[in-house]
């Protein structure tokens, strides 16, 4: 029997993937664990292995986006017939099958007895009824949600209780979304993100060592950073005199209307980088492993510290947006990041990332790449520093910027040119017009 | 269903009319079984099906000799027994189609036909499974002082089971009014006599328990009838159960579709020519072709009607599966 | 109120039924002159005669099968399987036949058969005479299973079993036979599916059957006196149908549950109870459910090994302590 190759769910929440390329052709021998095709998910492109030995009988989907679970190919014995539309369903014969056809089917056989194809509709009827019965049982449980239980007990699953214990959350403060108002693990995790009105959790008495299990977010972060670390990178640093930029910012703030978001220096920086990126497309790029992809637009990712870890929501089309628009976008995504309410769309398609630790007083640092992006800018604090101008020592607000570049995609000079432009635009914003 | 009158008999032998009735009944069973084969091959009948083609004279002869209040228990090859005992072809066919109108209301299928009204206490899918229950049924008749017999049909394969031995031993020990009818067709599914028993004369298996045993030619319906009559009298009189060692022939495979790879084709052909109980009786009665045609048309109509009846029947509700678990 | 031993209580139920009802009779190995290997039927041969108090050969298949046949005719046979280990020989008749006739016949048949049996370890009977197999039968739709632990309960339940129209496997326990207990002057039938709260408590629910009921009561006493733990002991009395309500109400009150039976823990009835409790009282459980049973090996003969392997009050006490344990 041929094995159906179905698109696997490679990550939680993965609904579909894009088949980039088949690594084996129809008719080729395939071994279990051999890479079979390349799949692009929103995070990364990866090779998917074959799950069976045999011959790749048929490729059903050559390329393009496919839903998880759909059949994309068949592996089996040479010469086996596979139906192109087969998705695991056995063809159900019509009840009015002619005797001739059925006689073929019911010829002398090695087996005693037969299921009788004419009875398949009855079987389906039974199965459907069984499914309804099961669904009714589920509804009963869901309905029990509405039952008021007033015996004062806190209903929480054993896992929820343990999590609450571990996180130092008072379970009585958590509202339950399980059947009959039972508190389940998710409810506790949700409570951990939103600051609880309850008193600050004390460290567990008698134990000083904290062990945090990796959440799936953390695991993803760890994986991606490990990948990023393997890229051959170089860093370039400049200091920019922020006098003019700060002045510009103040003028913009003065012009604000009531509901407009206050633009920050970061917003200005975002705009400046966007402008520089479209001028220096070599830096506005992705390294895909097979190619370098350069973009005509700048979707800028802003690194945000969210409760569950680092996230990088994207400000789209920053090159064509005003500072005001960028400020509004930034405020929105950052708020949502802090609430844990970002959508997948918020995180996708960034072409460049800015990471700003200036608010912590960090003078300078080197950021790790955000693959597949080829570059990332690390921003420190703006500090009053002595500089030499026209032979005289003056005190100026200086901002230190460090650009990390993936050397496979960007040469030193490209990176340097970009960074010079950024400095120039920061020092004289009018040059961006 | 025409029933043979039970006349008190001074001299032996059934009358011509009576034999004709029996012939018609055997032919009905034959056509019924053929129709079942046909419908199975058409993919309409699910599960297991075992037809009794070649063994019609045994079912017919035995049941004709029983009273209505006598009871039978049968095997996996039960259609003939049920029909002969009085279950209507409609009831059986509807059961094979899994309909509520079936004799077991769709709960049993071919191997679990039950018809209490007609004294059919169940076909059994477990070889020998019904035998001790026949002993028990007969025991109840003794307790209640009823003039009834309980009859077990079984094949040579069953005589090897522990169940068989325990049942006959106890039946004879307690002298219950039971008839144990061995339909010796020489096959336990695909295993011939020579491979499943170290003996050939199965009356020994009854004699071993001190039970009366009678050899019967199972292809001669009259002989079967006579032997059963006498055995019944013996049992009802309190003289103990009787073992009817009936030699018969299975002219088909074990199950419908059985390619009988284990059987000599020539042997089968020869049996079909020489041992068909219907042909034998037809010859004996010297039935004209017209007479035969007429009977055949009649019974075939009945059989075809039963298929119509069955197909038009009511499908049970899926949730009905939970009914009838407990009384 | 009168006082009877468990053994006498069984005899009382049987005798009263037989006095009132001609349809009730008993059969089994050595039950007549000898009065049964456990002395249960002593004196009954004298009162009821050999027709209704029947010794049988060693034929567990026929004992049960004959009982089924008679029951199908409306009698109420109470057959005895001397040691429950020998139920294994009659499994086919119990599981394939008795349990299924009603369903397979689409509701036409009833099998009001009672199968009495006993067992019990602790006296070096050896592995083949010491098993506790009640869990097997709870797994068979169509059967009912009873396992009372007091004279009052065994009498009332046996009566109900005899008059239940379904096949009942009725487990008695060897070590309980001499146990004395109060019984009402008039026999009060006890319904199936109704547990008895043997002892009220508030900290832990112990569900016990058979010999483990008195063991659990002893453990409960110790728990109270030595540990200050208040234990509620429940005897379900019938395993199928099971009184889930009483059990769940209790666990919801105490929040902790221990099951106890003499049978091997793995796959024992305690596993079914744990699943029922987990599903029905999930939000009330403050500790994992503990199961007490025999260790997983065929029971050794030498007394020291045997005693180590079977459960005792101490095991129940430890299980209780584990459910309230804190670190």
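The first chain written gets the first letter, and so on, giving A, B and C; residue counts start at 1 in each chain.
Simple rule for what comes next: a residue touches a chain if its C-beta (ideal position, glycine included) is under 8 Å from a C-beta of that chain, and two chains touch if they have at least 3 such contacts.
Being a predicted model, the structure only gives us computed values, none of them experimental.
Trainee: Between chain B and chain C, which partner chains are common?
Mentor: A
Trainee: Tell me, please, which two chains come out on top when C-beta pairs in contact are counted per chain pair.
Mentor: So the chains sharing the most C-beta contacts are B-C.
Trainee: Mean of the CA atoms for each chain, then the mean for all of them together: which chain is nearest?
Mentor: C
Trainee: Return the distance between the CA-based centres of chain B and chain C, expressed in whole Å.
Mentor: 41
Trainee: Would you mind pulling out the distance in Å between where the CA atoms of chain A average out and where those of chain C do?
Mentor: Chain A and chain C have C-alpha centres separated by 59 Å.
Trainee: How many angstrom lie between the CA centroids of chain A and chain B, rounded to a whole number?
Mentor: Whole-Å distance between the two chain centres: 72.
Trainee: Note which residues of chain A are touching chain B in the complex, please.
Mentor: 93, 97, 99, 102-103, 105-110, 112-119, 122, 125-126, 129-130, 133
Trainee: In their shared complex, at which residues does chain C touch chain B?
Mentor: Touching chain B: residues 22-23, 25, 51, 54, 56-57, 59-62, 64-75, 77, 92-93, 96-97, 101-110, 112, 141-142, 144, 165-166 of chain C.
Trainee: Can you list the residues on chain C that touch chain A in the complex?
Mentor: Residues 282-285 of chain C touch chain A in their complex.
Trainee: Along chain B, where are the residues that touch chain A in the complex?
Mentor: On the chain B side, the touching residues are 40-49, 98, 253-255, 257-259, 315, 317-319.
Trainee: Chain C touches which residues of chain B in the complex?
Mentor: That would be residues 102-108, 112, 114-116, 121-122, 124-126, 129-141, 143-144, 150, 162-163, 166-167, 169-170, 173-174, 323-327 of chain B.
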